[in-house]
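Labels run A, B, C, D, E and F following the written order; every chain starts at residue 1.
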Amino acid sequence: MNHRIVCGTANRALASEISSALGAGPVAGEVERFPDGELRPSVDGVRDDDVFIVQSTGPPVNDNLVELLLMIDACRRAGADRVTAVVPYFGYARQDRRSRGGQAIGARMAASAIAAAGADRLVVIDPHTAALEAMFAIPVEPLTAVPAIAHTLLPAITPDAVVVAPDLGAVKLAEHYASVLGLPVVIVRKTRVTGASVRAEELVGQVDGRPVIVVDDMISTGATIEAAVRLLLENGARPDIVVAATHGLFVGNAVERLAGLPLRRLIVTDSLAGIESLALPVEVTPIAPLLAAVIGRNTAMSPPPTPDDR
Amino acid sequence: MNHRIVCGTANRALASEISSALGAGPVAGEVERFPDGELRPSVDGVRDDDVFIVQSTGPPVNDNLVELLLMIDACRRAGADRVTAVVPYFGYARQDRRSRGGQAIGARMAASAIAAAGADRLVVIDPHTAALEAMFAIPVEPLTAVPAIAHTLLPAITPDAVVVAPDLGAVKLAEHYASVLGLPVVIVRKTRVTGASVRAEELVGQVDGRPVIVVDDMISTGATIEAAVRLLLENGARPDIVVAATHGLFVGNAVERLAGLPLRRLIVTDSLAGIESLALPVEVTPIAPLLAAVIGRNTAMSPPPTPDDR
Amino acid sequence: MNHRIVCGTANRALASEISSALGAGPVAGEVERFPDGELRPSVDGVRDDDVFIVQSTGPPVNDNLVELLLMIDACRRAGADRVTAVVPYFGYARQDRRSRGGQAIGARMAASAIAAAGADRLVVIDPHTAALEAMFAIPVEPLTAVPAIAHTLLPAITPDAVVVAPDLGAVKLAEHYASVLGLPVVIVRKTRVTGASVRAEELVGQVDGRPVIVVDDMISTGATIEAAVRLLLENGARPDIVVAATHGLFVGNAVERLAGLPLRRLIVTDSLAGIESLALPVEVTPIAPLLAAVIGRNTAMSPPPTPDDR
Amino acid sequence: MNHRIVCGTANRALASEISSALGAGPVAGEVERFPDGELRPSVDGVRDDDVFIVQSTGPPVNDNLVELLLMIDACRRAGADRVTAVVPYFGYARQDRRSRGGQAIGARMAASAIAAAGADRLVVIDPHTAALEAMFAIPVEPLTAVPAIAHTLLPAITPDAVVVAPDLGAVKLAEHYASVLGLPVVIVRKTRVTGASVRAEELVGQVDGRPVIVVDDMISTGATIEAAVRLLLENGARPDIVVAATHGLFVGNAVERLAGLPLRRLIVTDSLAGIESLALPVEVTPIAPLLAAVIGRNTAMSPPPTPDDR
Amino acid sequence: MNHRIVCGTANRALASEISSALGAGPVAGEVERFPDGELRPSVDGVRDDDVFIVQSTGPPVNDNLVELLLMIDACRRAGADRVTAVVPYFGYARQDRRSRGGQAIGARMAASAIAAAGADRLVVIDPHTAALEAMFAIPVEPLTAVPAIAHTLLPAITPDAVVVAPDLGAVKLAEHYASVLGLPVVIVRKTRVTGASVRAEELVGQVDGRPVIVVDDMISTGATIEAAVRLLLENGARPDIVVAATHGLFVGNAVERLAGLPLRRLIVTDSLAGIESLALPVEVTPIAPLLAAVIGRNTAMSPPPTPDDR
Amino acid sequence: MNHRIVCGTANRALASEISSALGAGPVAGEVERFPDGELRPSVDGVRDDDVFIVQSTGPPVNDNLVELLLMIDACRRAGADRVTAVVPYFGYARQDRRSRGGQAIGARMAASAIAAAGADRLVVIDPHTAALEAMFAIPVEPLTAVPAIAHTLLPAITPDAVVVAPDLGAVKLAEHYASVLGLPVVIVRKTRVTGASVRAEELVGQVDGRPVIVVDDMISTGATIEAAVRLLLENGARPDIVVAATHGLFVGNAVERLAGLPLRRLIVTDSLAGIESLALPVEVTPIAPLLAAVIGRNTAMSPPPTPDDR
């Protein structure tokens, strides 16, 4: 059973790199776009192959999601033996619960649609919710870019540095970075002032005079990062700040926001295309080696090691 | 069990009209749009209701389709007793088969995703493919706007008029119009010139000196309509032409194309929003009465009568 | 994984030819028939094999369909690795939509039952409805016998011949023949006489003095073919007529009907057994080579190339 | 929610009686049969109704089964609120296990197809296998005709009579009769002669000089009944024999076989049509009252009481 | 459609209280336990009812889970119109992800089994993972006991009190308490000491001289609570401590552990039976009113309001 | 695709023997048990393997069943290519029907849960109900230990011995033993005394002075065996009795019961662990060879040959 890399329009360069790394032949898959916006992908020569469709569902998220569903459908109908959706950035992952009545759960909607289209397996990188795999009946292989990114940070790390989680949701990720880098974790949390509904941000841990590495799974509008950086500076952090995230969406006025901060380095992966054309000096950690290793079965199918809850 | 009309962003006015006609209370449903393009709809107060989500999946088709999936998810999780997706214009219906190997079947992809999201029933109007209902395990109620549109044509019809199908795919629809209007059908077909791969359009039936009514299920870029009208004029049709279609997408340069034709009337329904703001004099036949009647159970759940194939 | 050809009672000779062509060993499968009409098929030695069950669902259609379901069940329970239903003639394909309220959609019923029984894939030849594959979630490989039949016609074709579609539903098939043979297409259509409900047949294209090749996907009672031939003769076609169809059902008084027509050649495939014992001089184009090639993976899994609709 | 009785061709009279008993209006459902044997049922006016499709799947079993599948499909697509398949005689029930490798399990095939077609519930009478309901995920209501038949036997019963199970599979049913009639059970069993593969029938219990009532769930070819009766007579049973069974298939040469036996009474229900036209004096116990009571919800949804196994 | 309360062995008293509150008649459901440990529940008279099965899946968790599955199966087969599993304490919820490769995801296993058994809806109270509902395709109604418990705390609250989250996983719950009580939140977190793998607990927020209210979703072995209380005391918290949790499992040596702490009050709900017989002074907040209100449809089907993540 | 043997806690020794026999490497699978009774299994290195999970669901049945479900979930998520549940003793098999209204069908509940967890195939040995496989959509391979046990009996068999079925449910099994051993079958049946509800046990066949071999599929509390043995002795059987069964549960006071009987030999297989530590002299027939042969594909996937019913 041959490996075959297939891609839609979201990550063509990444797909080519993976395919080269695996010696898996040219990447299959073209997508026609009609004047009314309907997409029609087609793939050739995947019959009886072990197919990996590389497609992040970042912005434009709905176009990319539907294109992924169509690619899966096309591969299955073309006789692929097994279809793995490789979705480095999994959109809608933030909607993993209803925060009030009447809402949809976008992550489950996406999971149900992907499964209904006929995917056999899913590979994701640092999804926003760790419970993503529990929403799927098909096997999900959650990977992490933390070791790869941390590796690029290591040479310039000084022992007084701290890893900062810009909100409670990022604490586990920050602990993973801290474990690789041998540093402590500082947390930004929103807190209530007694007897009032006013919320203020509070820093848990010492940062005065220290270099800080703010980490998150993704940078969307940059607002969370900006608030954290400003709070860190107010609390005496050294104005020599590193920001690292797996996924760089840079939507809204993220570029302006981040350009206004005293960042020494800003690092993301190429899970989403188009980083190099941003008006912002972003370093890119490539994920093709990680994905090629997994697809080539050199690593075990397993989630990143995280401390157990109990 | 109460009827409840819910809508997304695609057809708010239509949903309100349906709800008013039924006395079904205010329309439920709001949709938040995040900076990264993700949608989060919410509905209130639909618990144990018989919910009808009104949402055409016209352009932007992928946004509207995903929004529909999220609306269905939201209604089900909010405890709706039954969820009917009312999709007057059903996008991706043209992809009802693979025209060559390796393609996706978009209509089935959409059908599978809608079913996976949890819809119990579907209502559509003049879908591009009659086999659409066969792609669903859930009941599909295909309605037709032909009688309503034909009713607006009737007063001005003269006995020498003909109904024109601009391609073979429109013949059944044209016959339905012809049956209501008491007129003959003329067909435009593409034909092969012997021994060569050149294709030319040919008119089947007489149009010289006659008023013509060109009908189709949808107007997309207007190219098919334009070609038909030009052929009709070349063949002597009276330059007093009526064009009628159920769905008006008007994408690409459809407005310019149609503005350049000697049309007396151009008629579509309000299955897709925004017709009134086009730079084109389009008459709109409202479909709210048709949908309200079906939802209110005043009509039987059945497809439009069509002659049997055998 | 070994190929294994399995068959029921409908196409034993065809199954043997396919198996011989593939060197796939003796055909497996026996069917016991009890006095009450219940069937009990059994297969031996298919464990871990890649099984192909050859069974057309022509008359007696319900017996053959249920036998197919039982064969699939037997193969799955016997541990087959993959079960492909090879159904050269797919019964109930004409019921791909409801033509009025309250009807069943037979094609979808058959599709659902075949999938529920546990088939992994389906292979069909020239199904009556192109949307058949969209009714299945499992991959469907629609093949066509047109090139094979056209090949037998070629030697005797003269340049003035025309291909005739006996109704609108046969136009796509006729265009496929025409493309292979390099001939134009003439269409028979039913048309309405203005202001009345009387329908008459009309010929679209010139046939006077020409040899005609009437093509269709199937010959059932022969009524459509007979009506077309009589209309062609009335319009001056040379009384030297060839009729070609993929599937020869010859039910009702088809034999009498066709025997009364001035046919030079009558050609069908052996998708349905029993052709050779008809009291009618029918030429048979064998489909075993086509099926063996597909099963042996020498050809891509793809539908016949057809012009796109847009 | 209205009750609505729908029927195919297998049990029209029974369906009418049930509908009358319930005051449920005229029975819906017509079935067109095409020359090629394909069936196309249609139903009218069942939208939002609680539909009961009455259709035994006796001979011709495959036609009746497929017709049932099509009826279910038609009712669902027509908008029925709930579809209950009332299958008094459930064909293929004897195939509830594989007796050797490679066989199909017909009962499960039928169950899967009925569920896939969209039935919500099933009602059966004295199915051959008690495990039938365990093959369905949908609720199954197994009813029994034993009390009704026993009631017609009671007036003429003498205290020295015995109930006879003609094979081990009929023992539970015989015990049910015996319990209602207050009589002992005698069993016919096949037994092995030591050291040889010869099998002989053996009577377990005393019958000499006694009137016997041979009971079974069904009479198919009558061979089992004939063998039991001959063994009973050889063992001295009074030649004044009653035979009672729920389902009368009378296939093969059952009529001749039974006509040659000294039977005083032969009783079956009208679960299968056509009993009255047999050349055999058969008494018919009507089951319409039983089914009407269940459909009308006058009785609990439960299987017949049987002694627990443990 | 009548409400009907059904219960297994886990929460008989609770089920009775709910049924009384609703006037829903006697609680249905008995469970036979065989010598080999197999369970056989039965329910009577639920046909066409709207059934609510009350069964927490606390210890013995596997017995209670399987009993729940059997109860669902019994209710569906008995003809219940709709089956809602009311599982106040949902076992296996902590396994909502794999913390290392090769593990099972217990929460999803339980969700899949409950759905496969045929439940139509699920009601839970303060499940350990907020993503639980996203693992289900069926609607899940997550309720919270926080307002009810907070209400019992309110009279004795002084303005200098603080709510304590004993680990990061409890922060959201603590914020809910804090919002109702108008108090700030203090967090216990495990932190890494730089350059070493030693982890220490750290207090985020001020507690010296203040009364503290430690809250969590559940008390299992009491180890988390004990560690938090000891840390609070070391940091100067007033030795007048309140502990509140929704679910009281009290397994392992929880009773001894908690008995050794200077607790003023220890509060849980009766989501799990047997609290009153513990050798520990535990106050019980009843949840029957909450569940009765939801079942009686007096409240909307919605999750507890929580601040959105973005 | 490598074979990989995985096991839970129920049958570790058996799993090791199978793995050794196959040369399939060390057995994978560990199970953590939390203080609240929740289980968390994990497996390593099964990615792309053909995995066989060996786990009988004997007492404690619910723990073992849930552990099996978790093991299946773990193997699937770890990327196993195919997961076969090898369940030598299948608990809940006795609940294959409802014996009165309102009951669950435990066998189907277990089947549905196992399929929902993601098993691809099932292997069982002498399940209590032959219809078990019909409850599964996935292939089930029912094996039998009868030949293996009979082989150990053969040397000491005398020609005057008889095989005894202790109730009607054991007759088919007894006939299988009898066929291998060349002996006749005697049956114990419960019978009704005329006109009363008193039931007595009756012996069908001659046993006076003969050695008897009482066989059954399982020994649970031993009550059935004890009753049969006492009846045999009362009827003159030689007090030199052999008891053989596939599965030895020995629950309740089975050990005391059987210790009080004059048994010469008591034979079961090691389908359930712990036989060797019973205070009872039980001979164990190993089933590892049987299972290893099937897993190694040396035998066909088929049920034990049994005489057909018709």
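Everything that follows uses one rule, which is that contacts are C-beta pairs under 8 Å (C-beta built on N, C-alpha and C of every residue); 3 or more make two chains touch, one makes a residue touch a chain.
Given the structure is predicted, the values throughout are model-derived calculations rather than measurements.
*Asks:* Going by the stated contact rule, which chains contact subunit B and subunit C alike?
*Replies:* Joint contacts, listed by label: A, D.
*Asks:* I need the common contact partners of subunit B and subunit E, sorted by label.
*Replies:* Common neighbours, subunit B/subunit E: A, D.
*Asks:* Taking each chain's centre as the mean of its C-alpha atoms, which one ends up farthest from the centre of subunit E?
*Replies:* Comparing chain centres, C lies farthest from subunit E.
*Asks:* Would you mind working out whether subunit A and subunit C touch using mostly the same residue numbers, over half shared, or mostly different ones?
*Replies:* Mostly different residues: under half of the interface numbers shared.
*Asks:* Report, in whole Å, the distance between the mean C-alpha point of subunit C and the mean C-alpha point of subunit D.
*Replies:* 39
*Asks:* With chain centres defined as C-alpha means, what is the inter-centre distance between subunit A and subunit D in Å?
*Replies:* Using C-alpha averages as centres, the distance is 61 Å.
*Asks:* Averaging only over C-alpha atoms, locate the centres of subunit A and subunit E and give their separation in whole Å.
*Replies:* 33
*Asks:* Return the residues of subunit B touching two or more other chains; collapse runs of consecutive numbers into ranges.
*Replies:* 34, 44-45, 77-78, 94, 98, 100-102, 105, 108, 112, 133, 137, 300-302, 310
*Asks:* Give every touching pair of chains, nothing left out.
*Replies:* Listed by label, chains in contact pair as A-B, A-C, A-E, A-F, B-C, B-D, B-E, C-D, C-F, D-E, D-F, E-F.
*Asks:* Quick one: which bits of subunit F touch subunit A in the complex? Just the residue numbers, please.
*Replies:* 34, 44-45, 47-48, 76-79, 118
*Asks:* Could you please specify the touching residues of subunit C with respect to subunit D in the complex?
*Replies:* Subunit C reaches subunit D through residues 35-46, 58-63, 65-67, 69-71, 73-74, 77-78, 91-92, 94-95, 98, 100-106, 108-109, 112-113, 115-117, 220-221, 249, 251-252.
*Asks:* Can you list the residues on subunit A that touch subunit F in the complex?
*Replies:* 121, 133, 137, 139-141, 297, 300-302, 310
*Asks:* Would you tell me which residues of subunit F are touching subunit D in their complex?
*Replies:* Touching subunit D from subunit F are residues 94, 96-102, 105, 107-108, 112, 129-131, 133-135, 137, 159, 168-169, 171, 175, 178-179, 182-185, 187, 189, 191-195, 204-205, 300-303, 305-310.
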